[in-house]
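Scrolling down, you'll hit the structures one after another.
Two complexes, one shared chain (chain A), two partners (chain B, chain C).
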Partner chain A sequence: MLIQFSVLTEHLDRYLIGLGGTVAASVVSLLASFVLGAMIAVLCITPVKPLQWVGTAYVEFFRNIPLILIAFFVLVGVPLLTGTVLVPFISGLTALTVYTSAFIAEAIRAGIQSVPQGQMEAARSSGLTYLQAMRYVILPQAVRLVIPPLGNQFLNLVKNSSIFTVLSASDLMYQADLINSDTFDTFSTYIFAALFYLILTIPLSFGIRYLERRFPRVKGVEA
Partner chain B sequence: MDFVGAWSPVNIQFLLSGFLITLKVALVSIVASFTISVVIGTVRYAQVPVFGKLCAVIVETVRNLPLLLIIFFTYFALPEIGIKLDKFTAAVIALVIFESAMISEIVRGGLNGVEKGLTEAGRSSGLTSVQTLKHIVLPIALRRMVPPLVSQFISLLKDTSLAVVIALPELMNHVQIINGHNINYVIPTFLFAAFLYFTINYLLSIVSRKLENKHT
Partner chain C sequence: MKLWSKMIGLSLVAAFVVSALMGCAKQASEAEGTIAKIKKQGKIIAGVKYDLNLFGLKDPASGQVQGLDIDIAKQIAKKVLGDEHAIEFMEVTSKTRIPMLKNGDIDMIVATMTITEERKKEIDFSDVYFTAGQSLLVPVDSTINSIKDLTKDAKVLTAKGSTSAKNVREAVPDAQVMEFENYAEAFTALKAGQGAALTTDNALLYGMAQQDRKFRVLEETFTKEPYGIGVRKGDEEFAKLINETLKELQDNGQYVDIYEKWIGKKPN
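Moving on, here comes the complex of A and B:
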């Protein structure tokens, strides 16, 4: 028999620990990336030029380099620079957040800028301050446009968190590697790991498709 | 930190030779996965009986798996069932499997975006449905697909770095080797690698933006 079910039954606890790690990593990174991404997006749209450059530079730089490069940098480079060694799980979260926040910042920026300029002008002329206009007029419209790309980023996070294994942080992939070194049944081990990933990602994909139908897609907002 | 030592001609040449492998893997994977994607995307668009559904199931499965898992699988698990691949082939096959699933969705979306009236017009002027697809729908769809395709190619180029887990001698692998030699080289080497990845991907994204403005 090609697939040994004993691999699953005997190591179910490890798979579940790994699954928990993957979920925790994805959820925490999503929240952190959203906060950081929103701040970067604000930098990108401020009228102050130097701040704009900082925001844009962040987005363009981290979107265009591989996640694993960031992960290795956090793992090896950060301790060299700061003298503190991070817990593997925290290293992983940091790398994921730095990377994902660039994509989220871009989605938020595009969402805000796709609200027609006239809306801001109208709000300002009716006596709202810039912040009030943002809060009550622009952001409520932008949020609807940002939701589908955020869903996509969450799906990417679940998949990208698999790099935790190269940092020896406990996620599904890492636990699968441990199971593999016990059982030497690589084929079955990874097939079951794949199944656990699909349990997370397939419902997520369907959810995203629902969101995309519900909220219209905007030009310039990357999925 | 030792920038001069880390960026010695020998090291730079070593990193560039790794980058060349990165580009080679990326290029082969882009050509192969794009070709496969056009076929899969078209089969799904045309709702070919049985094959359409089959492609849908495969695409949905592969798209929802981490690429890292697929790379581990092609290199470490396939030998167990008698398929032994060298590192380059294993990395390329893993990338092609994953990216074909991603790109075929772009192709399908592009085809679905072409106005139905064009198909009807093609059919009523006497073209067969295959001819309509080949001469009218696909060319229009492909042109509109360029921006998302380029984004996906950028992802692919970045994703080649995951092959570091099977020690394919690409850029990330060479970074690791240099970093292992001298701790003072770590930061400068990372910076140089980031510079290489950033430059090529940023150029691609500029090209994509230019094309986007041209086509919309």
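Moving on, here comes the complex of A and C:
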């Protein structure tokens, strides 16, 4: 038998500890990167040029370097430069948040900017302020466009949290690595790790589908 | 009806995925065949460390891997194929070496691997070619002078898949052990202040202390680590040939030369 179920039954406690780590990492990082990403997106679409540059620089820098590099930088670079040691779990959270927020900012920016400009102009000429126009005209249409790419980013985030293992922070992948070095049954160990990831990601995936259906498509506005 | 067809479709997909996964798992090559395999490919593929000073370290300038493990592996190539250069080195880590050997990616493991009963269930070992002992690497100004000085919440760094993690957990059950991908990463983390000490075999620690004088190795060792060369389970013919090579190296004094070249002193 290629897959040994004893690997799962004998090490279930460690898988669950790992799963807990991955869930905690994903939830915290999801919330933090959404907030940070939204703030960066605001910078990117603001009419103030210097702020736009800051936002764009952030997005282009962090989405164009590998996550593992950011993670290592936070783990060992930051202490060497500043003398502040972040424990591995916090290092991982920071890296994951900084990285994911760049993608989220980009998704939000693209969604908002793909609402035709005429809508903003029409809203403004009917007497709404810029913020009112955003709130009542642009954003409701943008939400539908932003959901699919945001959903993708959240799925990626859960999977990317496996970066924690190289920082020796306890997540599903770290525990799987340790189980592997005890059992030497590499195949079974990681098949079960994959299963646990699917338990997290499949419901998330369906949740995103549901949201996509709930928010109706707006005529004339295409992603 | 629609639900039925959906379910059938789903189970077909599931069956396909499972069978694809099954097919992916490469069967390890037949154990008896290693010497024949080596002769056929004209070289031995040796799994060695690339990141361990004194044992297996890749020199970035020349691209060559150097160290005690490397010299021993070359002598085995000389014995089997008559040419010490008829060898290809492939990087392994403590985590990957046994799966890679079992999978047939490498023919033998010469990577500072301690002979343990647990590993013997998975692979076979040659005779002992080096005896090390586990110790601690600490900053020069550290107050830790013995394993007993490790406090309850001291963080001890090491690499995944090594015996070092288990040993230190046994010696200091309270210590917080952090396992990194390899020793280079663990050492980098130690330099960054992520832990109080790095633990593994002293032979490896000396190599690290030599690279960075801000760290020192404790005199005390708390385990005995006999290193052996790993071959596939049941591959007696190849294991015997390796043992003959090791014996010859002992007898003709070449082993002492190799030892002294890397460790800097004669073996006890």
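Please note the rule applied: the second predicted complex is superposed on the first by the 201 of 223 C-alpha atoms of A that agree within 3 Å, B and C clash if a C-alpha of one lies under 4 Å from a C-alpha of the other, contacts with A are read in each partner's own complex, and residues count from 1 in each chain.
We adopt the following convention: contacts are C-beta pairs under 8 Å (C-beta built on N, C-alpha and C of every residue); 3 or more make two chains touch, one makes a residue touch a chain.
No experiment lies behind these values; they were computed from the predicted model shown.
Touch criterion met: A:2 reaches chain B and chain C at once. In the superposition on chain A, A:88 makes contact with chain C only, not with chain B. Set side by side, chain B and chain C differ in how many residues of chain A they touch, and the one touching more is B.
Of the two partner chains placed by superposition, only chain B is touched by A:202; chain C is not.
When both complexes are overlaid on chain A, the residue A:181 reaches chain C alone and has no touch with chain B. Of the two partner chains, chain B is the only one that A:66 touches; chain C does not reach it.
Looking at the shared chain after the overlay, A:75 reaches chain C, while chain B stays out of its contact range. Once the two complexes are laid over each other on the shared chain, residue contacts for A:27 go to neither chain B nor chain C.
Judged by the touch definition given at the top, the superposed model places A:166 against both chain B and chain C.
In the superposition on chain A, A:57 makes contact with neither chain B nor chain C. 2, 76-77, 80, 165-166, 180, 186-187, 191 are the residues of chain A that lie in the contact sets of both chain B and chain C, per the superposition on chain A.
Across the complex, chain B is touched by residues 2, 60-61, 63-69, 72-73, 76-77, 80-81, 155, 158-163, 165-166, 173, 176, 180, 185-187, 189-191, 193-194, 197-198, 201-202, 204-205, 219, 222-223 of chain A. Contact residues on chain A toward chain C in their complex (touch as defined above): 2, 75-77, 79-80, 85, 87-88, 165-166, 168, 174, 177-178, 180-181, 184, 186-187, 191. Of all residues in chain C, those touching chain A in their complex are 21-22, 25, 94-95, 98-99, 102, 119, 122, 157, 160-162, 178-181, 185, 188-189, 191-194. Chain B meets chain A in the complex at residues 60-61, 63-69, 72-73, 76-78, 80-81, 148, 151, 154, 158-162, 164-165, 172, 175-176, 179, 183, 186-187, 190, 193-194, 197-198, 201-202, 205, 216.
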